[in-house]
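Common to both upcoming complexes is subunit A, partnered first by subunit B, then by subunit C.
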Partner chain A sequence: MSNKNYFSSEHLASHFEAIKPQLPGGDVKWLETFRENCMERFLETGIPGPRVEEWKYTNLGLLKDKSFEVSENQTDIDQSFIDTLSIPGLKGSKVVFIDGYLSKTYTSIKKEDEIILSSLTDLVKNNPDRAKALFNNHNSASSLFNLNLALMTGGYVLLIDENKKLAEPIQIIHFASQATKSNALRTQNFIEISSGGGAQIIENFVSLNKDFKWRQNNTQITLAKNASLEIYQFQNESSETLHMAETYIDVEDEADFKHFSLNIGARISRTELKPTLIGKHANIELRGAFLARNGSSHDVFTHMKHMVPEGTSDQVYRGVLDKGGKSAFQGRVYVAKDAQLTNAEQSNKNLILDRSAEANSKPELLIYADDVKCAHGATVGELDQEALFYLKSRGLDHKAAKALLVEAFVSEVFDDIKIEPVRQKYLTLARDWLEQGE
Partner chain B sequence: MVSTQETRQTVEKVGSDYKYGFITDIEMVKAPKGLNEDVIRFISAKKQEPEWLLDWRLKAYRKWIKMEEPEWALLKYKKPDFQEIYYYAAPKSADDRPKSLDEVDPELLRTYEKLGISLQEQEVLAGVAVDVVFDSVSVATTFRKTLKEKGVIFCSISEAARDYPDLMRKYLGSVVPAADNFYAALNSAVFTDGTFVYIPKGVRCPMELSTYFRINEANTGQFERTLIIADDESYVSYLEGCTAPMRDENQLHAAVVEIIVLEEAEVKYSTVQNWYPGDKDGKGGIYNFVTKRAACRGTNSKVSWTQVETGSAITWKYPSCILQGDGSIGEFYSVAITNNFQQADTGTKMIHIGKNTSSTIISKGISAGKAQNTYRGLVRVLPNAENTRNFTQCDSLLIGDECGAHTVPYIETKNPTAQVEHEATTSKISEEQLFYCLQRGLDVEESVSLIVNGFCKEVMQQLPMEFAVEAQKLLGISLEGSVG
Partner chain C sequence: MLEIKNLHVEVDGQKILKGLNLKINAGEVHAIMGPNGAGKSTLSYAICGKEGYEITEGSIFFKGKNILELEANERAGEGIFLGFQYPVEIPGVSNMNFLKAAINSIRKYRGEDEMAAVDFLKLIRAKAAELEMDPEMLKRAVNVGFSGGEKKRNEMVQMAMLDPIFSVLDETDSGLDIDALRIVADGINKMRSPEKAILVITHYQRLLDYVVPDFVHVLSNGKIVKSGDKELAHQLEKEGYAVLGIDENAA
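Now for the complex of A and B:
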């Protein structure tokens, strides 16, 4: 703990010791050892400070001297409320987390999904060998990823067999209530799709807390040959929430991974995506929009690792920064020495609507192979005054014209979404956000 | 690929061909090895410096000993042992400094002739005023009389400390503070010489000013400091060139350049950096850690950095522009070529503070052999910088499959009226281009030279005539026949 670039994290060590027995699987010896090892790895460095290059734009100083509590929430929530968090028109399975714990009451898993979709705590109980294999697969992850593994209270596991493609997207709802004293919500998910398999997942993060809460939701994904996975993440947490979602993805030959994210709420949100192309002809698309105002800050960090030849990756991120909003996009493309014929694209555009807003962009290319096509572009600017004038000259008032232009700017990211209700949901959320600003 | 094989051979051949790798035998006066307050006092005494400057140095040193070497750059090297370096080495004859060129040690003059800058010839023909810094001290400044008539001050920084203390006190460290960063602090403590330029109000400097730096002694570091002040409505174009002998050990070069640009003034600063890059196995070579920064303090002031970086084992250099004055302009044009085991982490910083400020960044990185070449640049727009404009373009060319090219831009904007654009591409020399040149009768070497020169054209055009020729030759030497 001598590294001055990291915040002292002793308080998290004592938090861990205090809640260890009551964590799910606290009576399972191997799991306890696993959690202890992860905690140890976390403590090797601790919570990264702003002098750590990757955390340059997001200061986690607010975690420095917080005390944390974790307990399972017993309060009842109206079923109709849960329904409002779901995307209408989708019939697939639904997994609901309340305050970091999987809620059996609201979770509904379709019969055909029962074998493949389960709760992490159930898997530990019913199939410890499989669970062990999943846990041990975890690679040299970040310190905060290890912290989450040490302290996780639940998660979902999706294991798909060869050539099986899910007919309906799965919905995951992460809800944080005001009712509980618990202020650290940590879920850990695993997805493994065997060759030829495919799935779509929609994750929705909503919270109503008026006090500080720290949410971590991390996912580890393996896509075998020819597998495909699409993940949609909406984040609309309360303004007192620190939201962190970190995802590692290993992608094998010809597999296809798509990720769409929309960040609207939270005081600080951090979305980390770390795909590794380990098989040839893999294809990765990352799309995202972040909208910030009123002291809210979004930080999107991607680290695309091309380890083998002939992979393609494409990243498109759009940011809209209104009064008091702040954002950072840090996109890193790494092309290893052997990854010839890689094609990697990256684009980040930001729109600043107010003088109290701030946009930061750091698109990085680290290239060690010579026969590659890699490009990135980043822009920051205000609304095109000429376009605004044009719309107004056609009879739109200022507000409507501005909203239309901002919507067009953001929706570029959502155009590729194939599931219509999801695309609609993105647009509605973005529209609502824009209207609130007026 | 056959062509790749050829590339390697050519590149290897070139690597052993550092034409400036000779050593000059001159009797030297040195300070004791290592660094402590006494060495700084020794340097200051040798330079007959005023008391305030010694205090300034000591303050920098005391801060420096508490600082840590930065590690964020994409560079791998053995950190220099700061106690194994001579911080002061001067040709003995400099103890009684020559009053005119006739008095300069003939051995020294021959060195510069080998370098291709014959001082006498320059004086007569080229119309370029040259200040020559040999290891640690300035040995000759040409054209002084002509400049003096215009009121231009062009002298070594030690002279300036004695003769123009007011200007020095006012501006020294005002752009790069003594403890700005690890290497700048080291330089502030031990800088041994450098160039001082003052262009008075309304004067357009009648000729290009130029400094030639050379490291000669073994185990010496070169720590020069340049201070350029362009008063209201003045203009100056300043050139800087560097070479060093071939030695097996790494030598340290930590320079600081400060430029102050006042109302409506313009400074154009061009560098051709050709320090010894080390041999083809990565042995030896100069560690080049340089802090260059210009402050555009007046309205509509302008500063333009142009750099051609072909030498050094390690380059760590970010010429920056602080655009304080409304309407001020910053430009950065760079070609960085790395070959064999060279590593370069270079780029710029554009800090927009004033209204209507604009900046342009054009960076071309070429990486061959086992080299690593990184562009690292910051564009920051502060809340009051209305209507700022930035355009950045970074292109990288990879030659061979063992090198790396990296782009790390930082874009930080706090004003909605700013327009900031960044583009970057990475590619290799296309087979089609090469084939086209070959079938027109050019050989591989000529073709690649042509293509690389085309790749760098936007930057080369910015160089003053005298330098453009030299730079183009350097490009040729470094990369002839390189095909990816």
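Now for the complex of A and C:
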């Protein structure tokens, strides 16, 4: 607590004490102890301030003296509304969180998925041993990850058996309602895919509430040998939301992890992806776009750890910053001494549409092996005026010409998505965002 | 159709066009020749409304309308087309989508409905075939990785698709091989009609052998210094600009 680089976080300790009894699983002794331990670990440092290197572009000062309230929402939402948050044409299981709590009403888990997909609280109740194992080891996770573990109100657990491949993508909807009094929504998810197994997950974050909201949605992922996982995220939170998503991924031999994200909403969004390649020939692809204007800021922080030889990783991020928008991409690549023949690539390009916008890009390569291929590129540029005139000379008005160019710039990230309705959703959201500009 | 009077154009504070006059009637083909740096491309940009080309004096009327007040896209909507000397590469935008957006933007400007997808496909296939362009190129990003000649041919496909009333073709013949030149020239000739007009900017007589102009002008140092019929081009080809008292090194 004495560390001046962190904000005083005692108010979160009192918040924890106040809501502890009402948290899901509050009557389960081991879980309570687990939560307390996590809280302690969080308090060892607290909320990182802008002087902490990883947080230099995102100031969490707004959390300093906020008071927090958490309650389960009772209001009913229309099924038809939930449908509008879903991706049309997909038939798989759907898990719906409303204000941080899993909604039994709207969640629909397909018969064939029942044994693999469950709510975190159900798992704690029905299979405490498995739950304990999942909650086992988070000593090395960040302070905020521990905070979320202490305060989580729900989450999903996906446990896939050997060689089982899900036929349909699972949709996860994180919705913040208008009616809720909660201003802190915290979910924690676990995904474990056994060797040869595979899954696809689509996560959609939407909020309607115009008041301040702090959302944390963290995920712990383990991919065994030959396993594969694709995650597609859409973040379109309301303009007062602080959105944080932190994901740890342990990747074993020949496993394959792909992550696509689009950030267009929230006041501040922070996406942290921390894959560790612990098995040979693992492959990781991170792709994302962030679009910001009007005081909104997005911060993508990746930490790729190549611990063993012959792994490949590729990161492609595109930022579009309009009037009053801000972004940061920090891509840290660590290649351990033994991780020879690693191939790690990283590219971040940013397009500034207005002089008041700001884009930060900070690649950081920590390479201790000598026989590796690591490439990185970061650019910040403006729209190509010659291309703009070319399009206008063919009849497109300024706005349409600009939209076409920006869409081309962004869509590079989503071009090779195989699930067509998902690719369409990315494009539609990006187009809508552009449409709202000047 | 097009009437340019006393046109003065500045780029980055530098005077490029210095009192240019040009009148083109419907049904006519005009050719402009002139040394490098004379201001030919500048004229084409001024007609099409490129930003940064400041008109400090003079006027351009198109079909009786003062077009200097119109944005580039509005001029396209009015029926003006520019074949670029250096066509621009647009990564990530396919030729197909680009043309669809262009056609429908122009139709929208004219208060017409969007073109049906099937009609569009039919049209584009027909035009690509006429100009002997490989249909695969329509799927590729606009001009990205195209050879110099392919880019010029792509300009012609766009012209054919958009069916303009008045076209400026800025050195469309440069970089074309002998067969391509003939194909492009045929394309230009197809666009000739009593209701339309074309201004070709070129350095070479060989294009004018195929596309025989009604008038030939010489642009030098920001002005039209001589006008004549097709014979003028022949004369220049033989004797160079020096006979007109123009120093080729000082445009």
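Following the convention adopted for this analysis, the second predicted complex is superposed on the first by the 435 of 438 C-alpha atoms of A that agree within 3 Å, B and C clash if a C-alpha of one lies under 4 Å from a C-alpha of the other, contacts with A are read in each partner's own complex, and residues count from 1 in each chain.
Operating definition for what follows: a contact is a pair of C-beta atoms (placed from the backbone, for glycine too) under 8 Å apart; a residue touches a chain by one contact, two chains touch by 3 or more.
Being a predicted model, the structure only gives us computed values, none of them experimental.
Participant: What does the overlay on subunit A give for subunit B and subunit C, a clash or a fit?
Facilitator: Fit: subunit B and subunit C sit side by side once superposed on subunit A.
Participant: I'd like to know which partner A:E412 touches here: subunit B for first, subunit C for second, both or neither.
Facilitator: A:E412: touches subunit C, not subunit B.
Participant: More subunit A residues touched by subunit B or by subunit C?
Facilitator: B
Participant: Have a look at where A:L208 lands relative to subunit B and subunit C in the superposition and call it first, second, both or neither.
Facilitator: neither
Participant: Examine A:H398 and indicate which partner it touches, taking first as subunit B and second as subunit C; both and neither are also allowed.
Facilitator: After superposing on A, A:H398 lies in contact with subunit C but is clear of subunit B.
Participant: Going by the contact rule set out at the top, does A:I19 touch subunit B (first), subunit C (second), both, or neither?
Facilitator: After superposition on chain A, A:I19 lies in contact with neither partner.
Participant: Once the structures are superposed on A, label A:A359 by its partner contacts, choosing first (subunit B), second (subunit C), both or neither.
Facilitator: first
Participant: On the A-aligned overlay, A:Y390 touches which partner chain: subunit B = first, subunit C = second, or both, or neither?
Facilitator: second
Participant: So, does A:L341 touch the first partner subunit B, the second partner subunit C, both, or neither?
Facilitator: A:L341: touches no partner chain.
Participant: Can you give the closest approach of subunit B to subunit C, taken over C-alpha atoms and in whole Å, for the superposition?
Facilitator: 14
Participant: Could you list, by residue number, the parts of subunit C that touch subunit A in their complex?
Facilitator: 48-51, 71-73, 75-77, 81-82, 84, 87-93, 97-98, 101-103, 105-106, 109, 141, 158, 162
Participant: Give every residue of subunit A touching subunit B within the complex, in rising order.
Facilitator: 53, 337, 340, 350, 352-382
Participant: So in the complex, the part of subunit A that touches subunit C is made up of which residues?
Facilitator: Interface residues on the subunit A side: 384-387, 389-398, 400-401, 404-405, 407-409, 411-412.
Participant: Under the stated contact criterion, what part of subunit B meets subunit A in this complex?
Facilitator: Touching subunit A: residues 72, 74, 381, 383, 396, 398-428, 484 of subunit B.
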